[in-house]
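Down below is the structure, laid out as structure tokens.
Should a chain be cited, it is by its letter among A, B and C, assigned in written order, with residues numbered from 1 in that chain.
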Amino acid sequence: MTAPPSTGPRRATGTPATTVLGAVALLALTGTVALGLALPLTREQRVYSRLIAIHPPVAWTAYLAVAVTAIASALYLWPRTRDRRWDRVAAASAEVGVVFIALMLATGSIWGRPTWGVWWTWDARLTASALMLVLYLGYLAVRRVPADIEVRARRSAVTALLAIVVVPINHMAVEWWRTLHQGRSLAELDPGSNLDGAFIAAMLLGFLAMTLVYAWLVVHRYRVEALEERLAERGLDAAIAERRAEAVMVDQ
Amino acid sequence: MWRDAVLIAGRDLRIEARSRVVVNQVAPFAVLVLVLFAFALDPDRGVLERAAAGLFWVAVLFSALLAVQRSFSLESADGTRDALRLSGLDPAGIFLGKALAVAAQLAALQVLLGAGIVVLYGTDLGRPALLVATAALATAGLAAAGTVYGILAAGLRVRETLLPLLLLPVVAPVLLAATRAWEAGLASVASEGWPWLRVLGVFAVVYTAVGIAAFGSLLEDA
Amino acid sequence: MAVAIRLRSAVALAGRFPVLAGVDLEVGAGEVVLVAGPNGAGKTSLLRLCAGLLPVSQGEAEVLGHDLRSDRRAVRRRLALLGHATGVYDDLTVVEQATFAARAVGQPAARGARALAQVGMDGRLRDVAVARLSAGQRRRLALACLLVRDADLWLLDEPHAGLDAAGRDVLDALVTEQAAAGGTVVIASHEIDRAEPLAGRTLVMAGGRLHDREPVHVA
């Protein structure tokens, strides 16, 4: 297919809209950190209880990213809504999602340390999430395999859907398994008892902040992807002409 | 679809009967894994007996990887993927056929491994009904998921390293559920084990459905 | 139908490279057409496109009445492709491979045996494993697998390559038979002398397009 008419070279992936988005996200993030640091220390967890402002929000965002990848992949595969844009959304969301999953694991691990003294506890959600991380690393590995854009899009979309299918199965199975063994759970650290308004406020602001950061990252990653594809396609007409020039007709 | 599945399964099993790759290479590998566990876990401390169920299923997983790799290395030689695409066979049938062949090979490997843990780890096969039912459902799930990822990775040069990375995380729930069920079965507390079969059943049904739906498209891109 | 293949300005890509850069082709039913050209010209890609294996990026493509842009898969059952690769399984015997090929297209096993006879592979070679065949014998087996399809359109990619003199005679006879029965044959070959006598028409592939006469190549 021919390259779409370009409106002039883009220097960066920023637009007024994303600048505003980024500013708001940064504001929310700063607010979260501030509120989080202002939280009182609890007896059990000392300074680590402040992670309540970070860990649940990061976890929520990770799952959001994974869900977006799955939905975008499904939309790409469905003939009526097939559009390369969905493939880019899926890819962008997966990359950002992997970062958030890793953050979720890190913050979850840190959160549990003072209480139990170990870096890793086989808590149901953390374990299931660790597996999710590997699943999406696999998705990224599939995307890195060199291929025609449509082929890569189809292949990654199927990979994403295969992955999302196992996520709930795995979470339920692991949850069941760990509760049977009365394992230690991060759920014990959750604000069931800490109905203190300050904690809730910090956490809610954290949810907002992380979601905005996610959105900002995805938009930029999406645009980078779009630019890369445009670059690839722009060469096509030239390549066709070059190919034809391999032969020169001789008039007899 | 079923006619094509039987044709493909028969062909794959005939190739295995002739080439004996699973018999000569994968089976010894599976037993070797059991032996290596003993090296790692010190037979004298009773760990092996307690962990027998888990070790069995880990060995099955690794063997499944090899069986799937073998199933698709057949389709990487000399244009056979093109031939499959051109053949006019129903892709869902090809999926089912290859999955059935892998499942049959896995079943045979499990019998061997079962004998292995009885002999090497001194395990007592408490409740055979539970053990067999678990094995059947787990095998179906492993074969289905393996065949789906097998075709996804089949045409890629990085197939050997990509397939384990893709397949193993996906079959983790199978490992989890099958091990729990077998622990219960081996310890003769079967009532604790049967509920886990639901997880295995859901997994098998889901991945079989996915395979039937997606294999055609994946074959085109392979 | 009167027209077996119709391509208009067809473009096909391998990654980003246009292997076919605007092909125009019209082949009537019952014709035997030779597509000549050097290696790398795109002959194989042309055949694969007609077989529905290579997607069409631009232009029109219609084979045996099927529009390849909307559905590439439907046409495959009606044609047969003899490619560079043979598509046979090493660990099967000759007769098992032929039987599989026959039953894959819904034919009885006996059709496979008959095809083996048509290519001269029956007799002592029947129960030999494919892995132990010579390259020429593998090609003949691939030819047998093509025959069982009873296809309206044959796409042959360098069919004479690897065959001994007897094999080439067998191939020539089969092509002539197919044409006489009303089937269409497209042969891609750089061995013009060998293939041209079979063909009613010769086209030259160069620069990703088809030409009626030999263009001069820029070195």
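The rule is simple: contacts are C-beta pairs under 8 Å (C-beta built on N, C-alpha and C of every residue); 3 or more make two chains touch, one makes a residue touch a chain.
Note that the structure is predicted; figures quoted are calculated from it, not measured.
J.: Keeping to the contact definition above, tell me which chains border both subunit B and subunit C.
T.: Chains in contact with subunit B as well as subunit C: A.
J.: Determine the chain that sits nearest the middle of the structure, using the mean of its CA atoms as its centre.
T.: B
J.: Centre-to-centre on C-alpha atoms, which chain is most distant from subunit B?
T.: So the farthest one, by centre of C-alpha atoms, is C.
J.: Measure off the straight-line distance from the CA centroid of subunit B to the CA centroid of subunit C, and report it in whole Å.
T.: Here the centre of subunit C sits 38 Å away from the centre of subunit B.
J.: Taking each chain's centre as the mean position of its Cα atoms, how many Å separate subunit A from subunit B?
T.: The separation of the two C-alpha centroids amounts to 31 Å.
J.: How many Å are there between the centre of subunit A and the centre of subunit C, using C-alpha atoms for each centre?
T.: Distance between chain centres: 47 Å.
J.: Any chance you could list the residues of subunit C touching two or more other chains?
T.: none
J.: Considering subunit A alone, which of its residues make contact with at least two other chains?
T.: Residues 147 of subunit A touch two or more partner chains.
J.: Would you mind writing out the residues of subunit A in touch with subunit B in their complex?
T.: Interface residues on subunit A, with respect to subunit B: 77, 131, 134-135, 137-138, 141-142, 145, 147, 151, 154-155, 158-159, 161-163, 165-166, 169-170, 172-174, 177.
J.: Report the residues of subunit B in contact with subunit A in the complex, numbered from low to high.
T.: Residues 145, 148-149, 152, 156, 158, 162, 165-166, 168-170, 172-173, 176-177, 180, 199, 202-203, 206-207, 210, 214, 217-218, 221.
J.: Can you list the subunit C residues touching subunit B in their complex?
T.: Residues in contact with subunit B: 51, 53, 73, 76-77, 80-81, 83-92, 96, 100-101, 103-106, 129, 145.
J.: How about subunit C: which of its residues touch subunit A in the complex?
T.: It is residues 11, 13-19, 21-22, 55, 57-58, 206-209, 211, 213, 215-218 of subunit C that touch subunit A.
J.: In the complex formed with subunit C, which residues of subunit B make contact?
T.: 4, 7, 11, 14-15, 18-19, 74, 77-80, 82-83, 85-89, 216, 220
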